[in-house]
Amino acid sequence: MSMGNMDRRDFLRVLGISGAAATLAGCGNTAIESGVEEVMSYVQPQDFVVPGIGVFYASTCTQCGSGCGIMGKVREGRVLKLEGNPESAISAGKICGLGQAAVQAHYNPDRLRTPMMRSEGGLIPVSWDKATQMLEQRLGPTSTLKGDQIAFLTGDISGHQRVLLENFLESYDSTHHVLYDAISRVTGQAASKAVLGAEQPLLNIDKARLILSFGNDFLGAGVSPVHMAAQYAKFRKAPRGTLIQIEPRMTLTGGNADRWYPIKPGTEGILALGIAHDLLQHEEFAKGVPDEVHALVKQYDQASVSEITGIGADAVHLIAGQLWNNSPSLVIAGPGAEGHAYGFSNVVAIQLLNVILANRGKTIEGQAEHPFPQLAPLQGGYRALAKLHEQMASGQCQALLIHGTNPVFTSPSNLPFADSMEKVPFKVAFVTHLDETAGNCDLVLPLLSAMEDFGTHVADYQPNGVELMVQQPLMEKLYPESRGFGDILLDILKKRKPDSYTAFPDYYSYIKTAVVKAKPVFKVTDSDDHFWEDALRKGVIKWEGKPTALEAKLSLLEVPKPRGLEADYPFYFVPSVRPDMRDGRHAYLPWLQESPETMTTIVWDSWVEIHPKTAAEMQIREGDVLVVQSATGSVRAVAYIFPGIQPDTVSMPLGQGHTQLGRFATGVGVNPYKILDPVFDAHTGELALHATRVTLRKTGENQNVVKDEGPTNFQNGHKLVATLDADQAKLSKEI
Amino acid sequence: MSHTVPSHPQMDVQIERKFVPKQKDLGEDVNWAQINKDVLRSLEKPRPAFWIIFFSALALFSFGVYCEVYQYQTGMGVSDLNNPQVWGLYIATFIFWIGMGHSGTLLSALLHIIHADWRKPIYRYSEAMTTFTLMTAALFVLVHMGRLWQFYYVVAYPNERWVWPNFTSPLVWDATAIGTYLTSSLLFLYMGMIPDLAICRDNAKGARRALYKFLSLGWQGTDRQWGNFKVAYMTMACFLMPLAVSVHSIVSTDFAVSQNPGWHVTSFPPYFVLGALYSGCSGIITLFIVLRYVFRFEAYMTQPILNKLIKMTFAIAMVWTYLDLIEYATTWYGSDEVARQDLVYRATGDYALQFWGMIFCAMVMPFTLLIRFVRQNYVVLLIISLILNVGMWLERFQIITPTFAKSHYPWTWTAGWWPSWVQWGIVAGSFGWFTMLFMLYCKIFPSVSMYEVKEMVHEQNMHDKLHGAQAPAHQTALGAIPEMNGGKI
Amino acid sequence: MNYCKKLFVWMFLIVIGTSLVSAEPFVQGGPIGSQTSDGYDALGPVVEQPIEFPHNTHAGRMQINCMYCHTYARRSNVSGIPRLDKCMGCHNLIEGVKDRPRIKKLFEYWANKQPIPWKKVHDLPDFVRFNHERHIQRFYFQEKRPVRETCGYCHGYIASMTTARRVKALSMGWCISCHEKDHLEKVGSTVTSHGPNDCWLCHK
Amino acid sequence: MKKTHTLALYSDPDEAANALKDLKSSGISGFRMDDVIIKSPIDHPELSELLGPRPVYIQWFTLLGVLLGPTTGLVLIASAQASFIYQVRGGRPVVPFPPDMVLTYELFILSGVLMTVLSTFVAMKLPGNRSPLYNASVSEDKIGILVKTDPASLPQINEILGRHKPLEIMGDNAR
Amino acid sequence: MSLSNLIKNWSNFRTRRPYEGQYDDSPYKWAMVIDLDSCIGCNACTVACYAENNLPVVGKERFGKGHAMHWIRIERYWGEGETLETEFPERGAQYLPMLCQQCEAAPCEPVCPVGATHHSPDGLNTQVYNRCVGSRYCSANCPYKVRYFNWWNYPERAWPNPLELQLNPDVTVRSKGVMEKCTFCMQRLRAGMDKAKTDGRILADGEVVTACAQACPTSAITFGNLADKNSKVAKMWKTQQVDLAKNVQEKTEDGIRGYRILEDLNTYPSIVYLERLRNMAS
């Protein structure tokens, strides 16, 4: 074998073998030794591979849907660290903590290493032969599954995985691809689509002079936090923009606000209307606003808005005043506004402000059109899952394939997904880690980790133009028994439709062929190989696209009707989404468990956030174990006194409380999904995440809250974080 | 008879007082042969209490060893020390033990220089106490080390790494000072013991005789030996006194050179030295009472000597109290806000109990020494002397823990940090270790200096010969104030 | 004064003894080529390697430059074991020795595409960083010393060994003893400089 | 000529003093006061005086110690600090005076003490063997006078010693 | 050798640092600027540090005991005084990334009994792990409390197989009883400086940065070479009127944001923080 015709796979294989033995700088050897450790030679490496010097490979982060370009530092056949890829417009060389932790997902000791099959007494490891046999028997050419009898349940998915998956379903004459994400933005997207004509408008944060955010944690658990953070940094440079955040529980973004207002959950829309009322007093803004809007807004004068929202009347006026003084501004709605029975209306009312303030085309635009809509990301929410649940419960569903989502863990207690799964005769999970849902399946297939597999991705949020993100292996696979998601699907497809797919020996060649075929669209004139190599080297294929214009359909405006408190359940319950845990799928990553949640600095746990005033009234001290009881269930967690929360509200973080997902996730904290009230958005039917009402009960127990901060979280007169009035700063003179 | 009441009782008292002579430190019935007999007996057959004390100490020490082995194997984490609270009881107890040693030197060196003869019956065990407390303190230097197995990095010797310890570190000064102090007081103790070892050699049999013979180096008590011995002993005493002062000043620089609030105090060196003398003196009183009972030293450890010791202790306690209050005062009126907050925190924060405990034990309790009953009742005195030492230990705890709990950086403050059982175990073990060593020493070596008590008797006799006994014959030194409880406790 | 003499003799012996013991590490290492006739003045043990590689043939008889095979030494921290295809590059063409047992073993590894599990001979502690690149660049390329001096200073006279054996102390003091010497900066130049004395240069 | 020894034990220091005075004034040929050694349980300066000047040189050794110890110590410390791998710490000078003074002070005391002890042992002829004429009672409460003399004058000396109520007189051959 | 060295370089050995122009002749002096107005408290730097520097994950129980090992931590304050004056933190939270300040006159350095920590020629506060005996004096003296001690034998449990394959071979894995702290990613700097030296140049600005600076999504952390007057970091120090060798900074005008934390303790830190800004009119 000569050097020339060695392809990438071979190269990685050679690396892998030698790398595995080179192992780590360790704790062992503290003296000069001879003949103890082994040193392996490369067999036939590429010329640029030098032991002791790291090589960076570009790839794509799959930890969340943001699709950041990353670079993996590879040394002696091991991927050591991830950095942001400067070629990618999304991450621009930066990376978040969640993304960094992908290497821990890859090296996680609890990764599934062999296929598992259900027998009496649970899942037992089996060989791939057996697993393939079962797959073929159920899904192979002889399978009689048709249409909705087969269901493919996935989380957020894009790129060629999506295409292949849809082709796979097509071979059963099915389009039954069910998408479910526990923390979905379906309501917000629907509302944006309704008002502006775009599900996810482009937010030009850096161009705004003032941002008014209704519960949107765009710097933390938002849609593209790394990109938004970079935009935010520009926004804070001269001339410095102002950020006003309105939300019931202070998020990471709220912590960065120039002014933070606590609001009663669910009244965000009313406040938006109140601000609109104030703005429409001015002719400049009133122009072109239809009469029906005027009529609707009229009833929301400052006094009534203040009463409903709990925000002072002068504050409403102040916000409105700033909005008209600082143009262009940007008004963003977020999960805090969306997760209510009238969440759709809330978002519509909030987006109305953007229209009134004429921000369209300046700070808010439509995303560039995608040249390959079949690769675009798909998202789904609760309603899709509920429908699948019904189908499964009625016995309609004969085979269920699950990838990238964990409904058994994230579904609220009114949707007992585990129960309905029992009605499905054949359930397959494609996972890297055995989670709660996979634990209920008949066949669990170990996937390659994101560091080992090929793939293409399209980001949920595309800042400039369009990018096709390329994911490539950073090292040889750790476990010979694990396989790529695409490879498994392709194998079944090959059996079912040999004519169309035998040309592809594996998923890699499938992607390569597909991408190279799309070359003309990207207006590249290079040779195929060169184009492909360039794509791998950069990790991203760019396509120039122009932002599109947004519409303004103001007629959709409805009156949001916030749900008040009840005597039995005197607190609003706001589940908070941690930027690193998201819906809980990352709870098995020790770095993230140990990384303090910034607002509370608590680690390895779940907790209940209570405002000091409320805590004083109820005589709750930090560390008191509380029972949080809703109409549908209860959980126990320690109390944490937290000033950044509306006093009638308690908040708990999502993502903990796993019963399965490896040693780092199980037994840590509790799962608040299970106490969510079955309240649905009136318009989209999505589960309203923030609409639960709870009561608190003290158990009399007190535990040490494991957190990073000490007994004080004030500076006590030391100049640690100094604050300066933005007016006095001379930002333009700075470098 | 029943009607005859003295018309002027006060007169009587005044008259009686005229005849109370200056008490002599030793009884007149003590002669040279008797001294040999009494002291040598202590090496043979102590009271059973000796064995009780010795084996309890051994048990405590074994537990301490267990704790240390556990900590060594598992890591320092078992002590519950953490990032701001890096030292905990280990360094607090370290200072305590170093301090304990200082009074031994005061008695053996300073009082020797100024020819205070009453020190003679009690200086030997005090000097031994110094040596063993230093050994105990040195243990804590090792115990608190995260990598005990690399302790030799601290020692300055030519090595294949070509690196030296950091001579600017107060810890290295500590090591040097303690090393010097330990070496010097060990030599001082040994040097002073040579004539007594010769006595033991002359009276012992078997293995003990071999030991004493080896250790006494062939001392014969010739005039040449005595002459050199006296000069050398005095010279060493002159070295030891400033050394003792320097050692605890250097220990205080561990804290005083740092910027931590409550540590960055100019008056720390004298404050530490006085604190050391204070705790040492009360330690000597404790051991005085214990030895007197266990080894039947009633004839040598007499009430007049104890009285002088108590007076000295009280005086030192008052100076220490003054320095402590001055420290608070300068902090309070100073411009360092952080240090002031630290002071307030000590008095009112998580460790207020320990703070006020220290004030009570170490500042209020000494005043009970003014009561004659306390001075004469050995049981009460034993308890009081122990309380004083508890107070001094709390003082060291006060220096370490609250400062770490609330230093310059608010984020790392700790609330109510408390050491784990491992730390307590090692501290308890150190008390066991000290008591065990000390008791063993007293069982093997003469804990009362025979030749110096002989000198004392000799001088007392010479004095009487020259000036005649002033006291009426029936009022001997021991008779003047009857021994309480019949000399028993 | 008999005892006095005894005392002095004892003290003298103790002082000399201590200084001999403590000075022993300093004299380890010695100059280049301090091997004895029967083998070497070796400090390390004889290490059994999967193939008894004859350095004496390659570096000695054939006069192959060290860096022909240890090619990473001038580019990286580690000198690296030569890649397997490097061995094959020559031995594929050398027909004469193909039937030798050692070469047969080599071909076996190559056929299986397996790396050879060599044992480390010069294995520094894990907290130490030694940069081959800088030393080679400085002494081989800048100062133009021969490899026998440049590489041999630490590795000994490899050309006389079969499999390598550690012959120098490689202790910290030994490293410093060379670092503190003044070395010529370039061939032909008279400017000298000593090695860096920053702890973090070698400790990581 | 081989010398012989004799030892007299007294219980009263005054008697011993008288014996010494008599010896001094006896004028026996070949007898010098330097040959007389007193052995006693405590130091008797009043008796030693009678033996004539017996100077003590320890303090000179001590002086030597306190001069040499700290100087060599300081030089060693400073040159260790200024070694090739010298370290800058906390912005302080590499060879800082206050810490070096502290250490020098400790070395001053240590070397002083060590020199004193060493020289004392040398001066006291320790460790040494006990002379054959040793009586355990001199470590208890008796005072012994040991005289080294020519066998010829032994009777004379024994007579003088015997004048002052000795408890016992022992000679070499008494053993 | 040493004695002659002492005499030859006497004035060097008697110099107090820092002084004006101390780094004028040396190629490197590493320094940082952290813009608190840009820092959003996202913890990306913390995780990046865990990944780069082999920091062990200690688990809940040990974290609760205060045994966490984060070389850079995000502190979150609610106010400058001792309590919150308003009912809510109206101006948001105050985030502070706190890492070793690499003080020029570091209080931790002179007290180490074995000299495991000292000042390197490029202005870093070093920690030589193998030299450390674990007296923890440095931590006791550090005003910022950014030194972390290995209370347990973390390697035993922190990286269950195959997690240890992620460990960075350029960084020692610290075992129990060793003090450790932020090194400004010395392994990166060292590799870069060595390469640059081979090329006969000094490192260009931004060629090598620390893991935290590289990850920071808002680029709030600027890292660079203060000795290079044209580097970004040097320019920022100059604009912010912070002088490395001064303990009291003279500002010619108001509104200049640069300051160093606990500067009044004469530690001369190498990290300048820029004051957080808030639009008080909003």
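When the chains are written out, they are named A, B, C, D and E in that same order, and each has its own residue count from 1.
In this text, contacts are C-beta pairs under 8 Å (C-beta built on N, C-alpha and C of every residue); 3 or more make two chains touch, one makes a residue touch a chain.
Just so it is clear, the structure is predicted and the values come from calculations on it, not from any experiment.
Of all chains in the assembly, those touching chain A and also chain C are B, E.
Ranked by how far their CA centres sit from the centre of chain B, the chains are topped by A.
Contact analysis places A-E first among chain pairs (by count of C-beta pairs in contact).
Nearest to the overall CA centre, using the mean of each chain's CA atoms, is chain E.
Centroids of chain A and chain B (each the mean of its C-alpha atoms) stand 67 Å apart.
Chain E has its Cα centroid 32 Å from the Cα centroid of chain A. Separation between the centroids of chain B and chain C, computed from CA atoms only, is 58 Å. Averaged C-alpha coordinates put the centre of chain D at 62 Å from the centre of chain E.
Looking at chain A, residues 25-27, 30, 53, 709, 712, 714-718, 720 sit in touch with two or more other chains.
Residue positions 1, 68, 73, 75, 77, 96, 107, 110, 112, 115, 118, 130-131, 170-173, 191, 262 of chain E each touch two or more of the other chains. Annotation for chain B: residues 162-164, 166, 168-169, 172, 408-412, 414 touch two or more other chains.
The full set of touching chain pairs reads A-B, A-C, A-E, B-C, B-D, B-E, C-D, C-E, D-E. Residue ranges of chain B in contact with chain A, taken from their complex: 337, 341, 408-415. By the touch criterion given at the top, residues 37-44, 47-48, 51, 54, 56, 58-59, 62, 77, 80-81, 83-85, 87, 89-90, 92, 96, 99-100, 102-103, 105-107, 109-110, 112-114, 116-117, 119-121, 123-131, 134, 136, 138-141, 146 of chain D touch chain B in their complex. Residues of chain A touching chain E in their complex: 23-27, 30, 53, 75-76, 78-84, 93-98, 100-101, 103-104, 107-109, 219-220, 225-226, 229-230, 232-233, 236, 240, 242, 244-245, 250, 252-262, 318, 322, 478, 579-580, 590-596, 598-599, 601, 603-605, 612-613, 643-644, 647, 663, 668, 704, 706, 708-709, 712-731, 733-735. By the touch criterion stated above, chain A contacts chain C in their complex at residues 14, 17-18, 21, 25-45, 50-53. The part of chain A that touches chain B in the complex is made up of residues 709-712, 714-718, 720.
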